[in-house]
Amino acid sequence: MTIRESKKKWLACGVGLLWFLILLWPMLGITPDGLEFGNTLKVFGYVAVAALIIMLFYQVQQAGRLEAAERPLKAVGGAIQAAYEKTPTWMVLAVVFALAVIYPLLTGRYAHDVAIQVLVYVCLGLGLNIVIGLAGLLDLGYIAFYGVGAYTYALMSLHFGLSFWLCLPVSAFFAAIAGCIIGYPTLRMRGDYLAIVTLGFGEIVRIILNNWMALTNGPNGILSIPRPEIFGYSFRSLSSMYYVILGIAIVTIISVYRLNYSRIGRAWEAIREDETAAELMGVNTFLLKLLAYAMGATFAGFAGAFFAARMKFVGPESFTFLESAMVLAMVILGGMGSIPGVILGVLALVALPEVFRELELYRMLVFGGVMTLMMLVRPAGIWPAKRVGRRSEEAE
Amino acid sequence: MDDKTPILELKNVVSAYGRIQALKGISLKVYDGEIVSIIGANGAGKSTTLMTICNIVKAVSGDILYKGKRINGVGSDVLPAMGLCQVPEGRRIFPRLTVLENLDMGAFFRTDATGVKEDVERVFDLFPKLRERSRQLGGTLSGGEQQMLAMARALMSRPKVLLLDEPSMGLAPLLVKQIFDIVKEINSQGVTVVLVEQNANLALQAARRGYVLETGNVVMEDDAAKLLANPDIRKAYLGE
Amino acid sequence: MKRLLVLAVALAALGLFLAGCGEEKKADQVLKLGTMSPLTGPYAADGNDIRQGAEIAAEVFMEAGGIPGYSNIEVIPQDTACDPKQAVAAANKLINEKVTGVVGAYCSSSTIPASETLAEENIIMLTPASTNPKVTERGLPYMFRTCGRDDHQAPAAVKFMKDVEGVKTIFIVDDKTTYSQGLAEGVAMAAKEAGIEVLEHDHVNQGDKDYSAVLTKVKAANPDLFYISLQNSATGALMVIQARRMGVTAILMGQDAVYHPKLIEIAKGDAEGMFCTFGAIDKDAPSYKEFLTKYKAKSGNEPGAYSAYSFDSATAYLMAVKAAGTTDPVKVRDELLKLDFTGASKHIKYQENGDSGSNYTVYKIQDGTFTPYWNSLTGEKY
Amino acid sequence: MDFEFFIQQLINGITLGGVYALIALGYTMVYGIIQLINFAHGEFFAAGGYMGVILISYLASQGLHPYACLAIALVLAMGYCALLAMAVEQLAYKPLRNASRLAALLSALGMSIFLQNGLMLTQGVYDKAYPTEITSGGFHWGLISVSYMQIFIVALTASLLVGLNVLVFKTRIGRAMRATAQDKVMSALVGINSNRIIAVTFAIGAGLAAAAGIMVGLYYGSVSYTMGFVPGIKAFAAAVLGGIGNITGAMIGGLIIGMVEIFAAGYISGEYKDVFAFIILIGVLYFKPTGIMGENVDDTRV
């Protein structure tokens, strides 16, 4: 980096900080009692010092001064990479699987709870990944299917006493039907029009859940939903529930993997890349798009049924737009269309707020900031899918 | 500026779309007042050359000199005010602006309202068709009219150097001839023209000198007449 | 390369995570008390009151001598965001932190699933704000409630309407939360029994700001009394302002969730003459005055609606632990049931099911403050 | 009586629709120029509301006339939000201009969460009360009542809309905005600095949102840090309903959504009013996939 460029960066940093001060001061400093500067300068001081340290570090790193420190790290990275590339995939998977299986033995309750959340979101993320990552349909109301799944299990088990294992496919089936209902009128729309319509559908489902007292008990939600049982063994403890969702997640991962490399998966990708061309090549876009909605919804249905069993309670608060946005964020952040990417995205977005729990009130602030930052650093996601065509300008 | 310094010069310019190198070291010179044609097959890098000059595609290395000054990295939006103006491939008129508004956009950086008004009249004289259509939306014009509008819009900035990309594309032969006549007319008013064309025959007939591009390299440069006479060229680009 | 790096980082993070979670923290001599309340989201205001109430209770208790055998009382606040899922996560987090008692949560829909989780580990939970009857009606031995119950509040409100104000017709609006709707239905039912005509029972949604459509209906129906059952004091204020501006002349009546100084601060003159039911807090009682000075001194702001309840919940728990000399839930429960004291909010005596009884009082907003107006237990005006 | 009821609801609908329209304009302008659903737009609206109450309280304490306070606060808050929007654009959207549109969408979502929580941290979790005395009062005819504030909202909305239309269709900068929206490369080639135009667009959109924020604060009496979310979604729906990218469309869309909501609440049921709003939206888009005023979008743009 030349001195001129470096100067430019420092200037940009300075202007940014100045701008930040201008934006911050009115919020903190103007009070009915008069103008005040102390508070603002304190907050600004922290931010400025942090920014300058980061800048300094960045400059030093760019200037190559840190190479000495980086070299061993890079060597280790290289060694790991070499080892990773030599190891057959099945071995890596076996290690991951083994870790997942013994996980509850090593950890406490809270970690189980977080792990369960992660796995639930893995199912949701992979389901949404079919709709958005493979078929390229932007869906902002995905959480509605999750809600349908959850309420299906809750109602079936309470009113008809059906077991969890029987309800699991039934929930998925109902969610898939909901997927088709939502999918049908939206098939003619594209892009952002689709986004707002799916958002609208998601809201409609939530409002109905909140208001149809006779069926859903409205805002009170449904209480005392039974936990799953098998041959008289009840999955009462958190760690046993962990194994249930682990099983569901593995089934989901395998099915999505198979779908991904099937004829249908290729057809979806064709639709994503160029719908008109796909149609001209004889792909039945109408049916396939509907199928994408239905398949995506199916996995959300599984996750929903589990969610109801795990919480023993379902209420409409769990199925808001923000939740849809969260799942969407996981998929995009991880890397659309790639299974490990989605899993990484879920890990990042579920684990981060939990890690930040210590920050209390600053938790969501940091979360939002990190989300933007991650997109700026890796716009294609943490682990982009291989088959997604790389845009030339993104190449490194 | 003496006659020896070219008004526009490229020295060993390399540019790339991501990892794919599009220009592998182009050097060319354009002197004040001439018409220079750049010919070549599809994908030879002709349009990329113009886009690189205007900094839409970033030059990775090499120098782009305009009036002897290095203009690498100068913002695309600054160049028209310096007298360097491009009519890009596919015309790219603003479809939901009227013809008059399109022309106004051409003179965006200019602040002399009366001068702009005069120039509108001047280009209407040059392209009388446009005067009839001045209140129509750009997107409703026919292909030939759009080409005329694109050129007229470029003229609104009173360019010193006009970069013309494929003005003949998709036009009927009669129209093509008309367009080339106008190019010569513009040139005779003192505007230097760089003409990128697939229609090598017409382009070389109109130009004083020519460059032949192949896969991102200049493979030949000469007077237009000599290029026209070159049997290799005739075989490769003129279909003989 | 970069991808591998990401993988490495992810693995490292996971490892750290595992290590952090697996680590058993040494039990030191600090009593850990958790709080659960919505610290973010639309109900953050009330959630903050709850957190502060418990924190100040711990401080006050320490200053008064603390608990023998414990060097300190640590309050660990957790955010529920009024979302069941986050509430359960918060409960699990608190279990991991080895708390022995929890004050919270705010929304009944958070309290119920969180209490199920806490019950698995026999942790005592005292809610200062969840008034839904279901909270204490599920047979959980360690669930206590310091505030009143909706099914006591509704009859009290209706009794007031009939006996004191002589109301013949009412219009009810709620905002479709577990709490607000449950209460509104209770009021509707009690009103019918009491011979008051319910002209209409309408609903608005949470997050709405514009109530003009429903208020136009109120105006057209012209009831004697307009009963406002909303989850939040600020939305209550919006409803009051808009109602008066629309020209609704009916008597306005709200409930405990809109009972908050913010209601008056926002609605200003429009709130004058409005009635609210709230658990009787005797502001002249020495226990309340003591609480008020300490609360103001420590937090720097006025206590909110649930601050006193939260303060009392925490105090009750700490007193029980002190009396039991241990945090063993069975013993602490016994001590909690034995407690009989006057707190900042009311006289507290827990019953076998965990309730502490309701003593709803009707307050009237006069000259910019809530003034006690009518006591539902005695049936007399103050 | 029934007629009066109808008229009153109509007035309510126009007021609410006006607010939605002002917010929707920001969405539609930003979308028109860089095809980005700017999720942070609702937060500009909330920030404007807060800035309004901060400034009005401060100016009032300095002894200024209430109307002068209001006018100055309105201008300053619009300016503040314009600066805020430009900062957000520069930081979170500009680096992603060439990345996939979903990346920018997510970045916007992150910014929305960030700003909302920033507002919470600086302004506290409690709702802030507006000094409503400035604009209290109104007309009453029988059952119908129109407050001065409603008249003020409609008047200000209308004048801002007219001003915006003049700006976009009659001025140089407006032409440049339209040109940039239609073809960014070409507009650069004729000498338009598209980055600057985009920044200006963000600034104008946020300024309008700030005006809406102050009006909402005055009309409803308070502001809260979560206030941007729900109107944000409604305004987004309004922008799409009208044909996203189209200014007149956003106005019409805002009015329709406001009207549908009010009339659904007034005549059918309060709790399902949003369902009706969304059903209308879906219905319109089903029969006219590009919205009421929308032109056919080029397939490649999606």
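Chains here go by letter, A, B, C and D, matching the order in which they are written, and residues are numbered from 1 within each.
The rule we apply is simple: contacts are C-beta pairs under 8 Å (C-beta built on N, C-alpha and C of every residue); 3 or more make two chains touch, one makes a residue touch a chain.
Values in this document were obtained by computation on a predicted structure and should not be read as measured data.
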* Structure fact -> Common contacts of subunit A and subunit B, by label, are D
* Structure fact -> Touching subunit C and subunit D alike are A
* Structure fact -> Counting C-beta pairs in contact for A-D and for B-D, the higher total belongs to A-D
* **Centroid spacing, where centroids are CA-atom means, of subunit A and subunit D in whole angstrom** => 29
* To do: Provide the C-alpha centroid distance between subunit B and subunit D, rounded to the nearest whole angstrom.
  => 43
* Structure fact -> Taking each chain's mean CA coordinate, subunit B and subunit C are separated, in whole Å, by 73
* How many angstrom lie between the CA centroids of subunit A and subunit C, rounded to a whole number? -> 33
* Structure fact -> Note: subunit D residues in touch with at least two other chains are 117, 120, 271, 274
* Could you check subunit C for residues that touch two or more other chains and list them? => 39-40, 176, 203, 205
* Asked: Out of subunit A, which residues touch more than one other chain, so two or more?
  -> 207, 210-211, 361, 364, 391, 393-394
* Structure fact -> Touching subunit C in the complex, subunit A uses residues 77, 80-81, 84, 103, 106-114, 117, 207, 210-211, 218-221, 223-224, 237-238, 311-313, 315, 317-318, 344, 347, 351, 354-355, 357, 360-361, 363-364, 382-383, 396
* **Touch list for subunit D against partner subunit B, complex** => 172, 175-176, 178-179, 182-183, 185-194, 295
* Once bound in the complex, which stretches of subunit A touch subunit D? -> 16, 19-20, 22-24, 26-28, 30-35, 132, 138, 185-186, 188-193, 195-197, 199-201, 203-204, 207-208, 210-211, 275-276, 321, 325, 328-329, 332-333, 336, 361-362, 364-365, 367-376, 379-380, 391, 393-394
* Structure fact -> Note: in the complex, subunit C contacts subunit A through residues 1-8, 10, 13-14, 17-18, 21-22, 39-40, 77-79, 82-85, 88-89, 92-93, 95-96, 109, 112-113, 116, 120-121, 132, 134, 138, 176-178, 181-182, 203, 205
* Mind pulling up the subunit D residues that touch subunit A in the complex? -> 31, 35, 37, 50-51, 54-55, 57-58, 60-61, 80, 83-84, 87, 91-92, 95-96, 98-100, 102-107, 109-123, 233, 236-237, 240, 244, 271-272, 274-275, 278-279, 281-282, 285-286, 289-291, 297, 299, 301-302
